[in-house]
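Note sheet for the following structure.
Chain nomenclature is as follows: A, B and C, assigned in order of appearance, with residue numbering initiated at 1 for each chain independently.
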Amino acid sequence: MTISDTRPDAGDRAAARRPSRLFRNLPSKIAMLPLIFTAVVVFLGGTIWTVVYSFTKSGLLPRLSWAGLDQYERLWSSRKWIVSIENLAIYGFFSLIGTLVIGFTLAALLDRKIRGEAVFRSIFLYPFALSFIVTGLVWQWILNPELGLQNVVREMGWTGFSFDPLNNPDIVMFGLLIAGLWQGTGLIMCIMLAGLRGIDEDIWKAARVDGIGTVKTYIRVIIPMMRPVFVTSLVLIGAGIVKLYDLVVAQTSGGPGISSEVPAKYVMTAMFGGQNLGQGFAASTMMLVMVVIILIPWAYLEFGGKKHG
Amino acid sequence: MADVGILATTKAAEQPVAALLDGPRGPKPVRRFSRSNIIIYGTLFVVALYYALPLYVMIVTSLKGMPEIRVGNIFAPPLEVTFQPWVKAWQEACTGINCDGLSRGFWNSFQILIPSVILSVAIASVNGYALSMWKFRGSEVFFTLLMIGAFIPYQVMLYPIVIMLREAGLYGSLTGLVLVHVAFGMPINTLLFRNYFASIPEELFKAARVDGAGFWAIFFRIMLPMSLPIFVVALIIQVTGIWNDFLFGVTFTSSPERYPMTVQLNNIVNSVQGVKEYNVNMAATLLTGLVPLVIYFASGKLFVRGIAAGAVKG
Amino acid sequence: MTLLNPSVSIKNLDLSFGAVKVLQNLNLDIGDGEFLVLLGSSGCGKSTLLNVIAGLLEPTDGQVWIKGRNVTWAEPSERGIGMVFQSYALYPQMTVEGNLTFGLRNAKVPKAEIAKRVARAAEILQIEPLLKRKPGALSGGQRQRVAIGRALVRDVEVFLFDEPLSNLDAKLRADLRVELKRLHNNLKNTMIYVTHDQVEAMTLADRIAIMKGGKIMQLGTPAEIYGKPQNLYVADFIGSPSMTFFDGTVEGDVIRIPDHDLPLGTYEFSQRPATGRPAIIGIRPEHVMTGDNLRSAPYTAEVTADLVEPMGSDTLVHCAFGGQTMRVRMDGQAQVKPGDRLMIGIDPGAASLFDKETEARL
């Protein structure tokens, strides 16, 4: 075989000049400029900016005079913030459990080759198409103590019936939960249903041959197989919970009193209502920390294992 | 089980054979009202009631007069159907000092929606195409960064964006709000398009390159014509997402005259002044929900496919 | 081997993805009008090499020359190549005609010229009735014809085929294989053909390059590859069912394997090993003699049939010999049952001998 030691650039009749590295694939790079700008400047830059300014004395306007952890100390000594965090924890816990259980149950029921699957699915999913504002306002009306659900039940004879979550500080978060679950479970059901449909038909055949009951097959065989779908659902629900804002604004406006305040609303009030920017930055940084706490185990589960595998 | 009626119609010659088949034979009889079926359909029906109820309540309340609402049952159908609440919600409902109804918010939303949707779908489709077929050093890093950004609470980035827009002279303007929608719609739609284009056989792309087509020629002449379904999915996601937005609308519009429909709706219903007109409120709520609802019921399976495609990987 | 006037030349080609070396210092000259097949199992780098020749992948180092021109940095469309893909890669929304002409339209070829070339390609491939249809309405065989037509209209010297028949069913594959051979006989273009199917390789190729781990293990005519495999890998890879290999030692004019001393009088050594050197002898099932041929065999033995696989045209018999399960190919008419005793004959002249350590042919 011929061994020639001519380098590519020594080829005297090279058909094309090699462009410099920066200009190679240039149309692709130009086309991606909006993405690069959004990812780097808006998302990354914006986040860093807010985190940095959360350590300043910014009030009416952002200014770089350092305050150390003062904003965070003020934040965590604020009654409203503590209530917000508690509310989010309550809402988050029940929303997570409720959405997963209801979503999976509905998906499993729909997966039983039933008639009218499309109709049921449409009914379960349509709330997801609506704005949280619409959802909040409808449920505010249904839960209206004088004219809504409570009144209907009382008129039916149970005069002692009492269900007025939106005016009862102790259970107001459950009033929000009813609306939140109503809107959000359809999505999870859809994802779960897609997951169930992705499971090999032969698994069901094998379970039938082995004489394992339907419910037992779901619990012992199917759910463990759907781990990735559950992880995805968990992340989606988690990210949604932290962002909880519109629903509260529409359904309760944070009331009664401050009993249904949530962190996102605290941030908005501090930044755009109270001209208390430093508090807003510190509170939103805490929200970021919450998301990171949710995401790190997920990222570890999703990507950490594969690298060593 | 050997059925007498079937046996009688079979030919005489086959009868001896059929007669030999004792015991269960042919398909097992199906019990239509088995216990498990009753549980399944019963549960689905009750749950469906919970999901359907609010839509029903919205509709019946919006068709009743206020006197009927005050004395009647929230779930009862209207005794006397009136469209007055709808007219009032559209034309006369008040937010603060403006009393020209939700129509103002509707047109504001419409003006925000059209450019936002077109721009974001256009950018996201090109992003997805470049990311799946024209990778360059660092392109995956930028994409990962964008996807991480999708999980950051919006509140963290709101104020810096206010400053950026103010510096660019766009704060409070329609353009500014459109750009915000484009930026925040980018992760999900880029992911959607990237996954779609990645599923197209690489050989098709190679064939086009051998045929001398470049970045834009391959995009417009090969890829676009074969990706109509994914464009519809992206359109559905963006239209419902932007129409339903409240947070950006309230943050990035400068005056109540420019509020999008959701913000105006909230202000109408949750205003503390005056007598609560529940029928008008529900008509207004329904009007605001109408656009996404129509899209949802018209698009059917594509909507499901859209959220499944976007969500499963997101 | 150096060709005076190669059509395609690969010079010192390297390609790595990160730390993984996919192609290693590859040199290959392909003659004008030659049909060269790149053969290997998946992951051997054969498709990668084809993609580098096409300009769809950039080499880490080295050069690609086509028709005396260094095209290492040229765009695929500027290299004077046409390419046919495994999945056909037809543009789904264009008609057959649109598919054939897309490249020419991109290159701004005059309309009359385009029409002339399409007519010629359609005639050669007999796809005239399909021109107005879309790929979705075509069968697999028709699609592949269109894909070949797309390469044909480009009027190029070099055709690249990336496993073009792998997606077709067995019968269609055999038919199109014959057509491809006829096409090459008529057109006399240079063709580089990637496949993992050794029957395709043997029937189509002027020369075969067998690749493994980014290197060429042997380059030669089908007869050379089959008859004189240069190393153990090629010997094992080519032939179905493959050779039976016996470990042994060369002792003068015999190779000593368990229970048998096979005479090497008829074997053509390329390098004679020292006595006592460990070696491996490989014997093809079809080279084991039975029945009437036994008389000419330099060595005979009696074995017991262990397992019999009738395959219609011939019958494969497994039997214990020299510490291995040896495969013997017999006539399809042969009546053999498991447990039968039969005489076999071995001619080491048709066998292949390899050094145990270097695995190279002796």
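The working rule: a contact is a pair of C-beta atoms (placed from the backbone, for glycine too) under 8 Å apart; a residue touches a chain by one contact, two chains touch by 3 or more.
Predicted model only: the values in this text are computed from it and were never measured.
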Relative to chain A, chain with the most remote C-alpha centre: C
Two chains joined by the most C-beta pairs in contact, as defined above: A-B
Euclidean distance of C-alpha centroids - chain B vs chain C, Å: 54
Distance between the centres, which are taken as Cα means, of chain B and chain A, whole angstrom: 16
Inter-chain centre distance, chain A versus chain C - centres from mean C-alpha coordinates, in Å: 54
Touching two or more other chains - residues of chain C: 75, 78
Residues of chain A touching at least two other chains: none
Contact footprint of chain B on chain C as seen in their complex: 51, 54-56, 75-78, 81-83, 85-93, 102-103, 106-107, 150, 162
Residues of chain B defined as touching chain C within the complex: 201, 203-204, 206-213, 217, 221-222, 225-226
Complex contacts: residues of chain A adjacent to chain B: 21, 24-25, 27-29, 31-32, 34-36, 38-47, 49-51, 53, 62, 102, 105-106, 109-110, 112, 114, 118, 120-135, 137-142, 144, 147-149, 151-152, 155, 182, 186-187, 190-191, 194, 214, 229, 232, 235-236, 239, 242-243, 245-246, 249-250, 253, 264, 267-268, 271-272, 277, 280-281, 283-285, 287-288, 291, 295
Residue ranges of chain B touching chain A (in the complex, touch as defined): 36, 40-41, 43-44, 47-48, 50-55, 57-58, 61, 69-70, 73-75, 123, 126-127, 129-131, 134-137, 139, 142-143, 145-146, 148-149, 151-161, 163-164, 182-183, 186, 190, 214-216, 240, 243-247, 251, 262, 265-266, 269-270, 278, 281-282, 285, 288-289, 292-293, 295-297, 300, 303-304, 307-308, 311-314
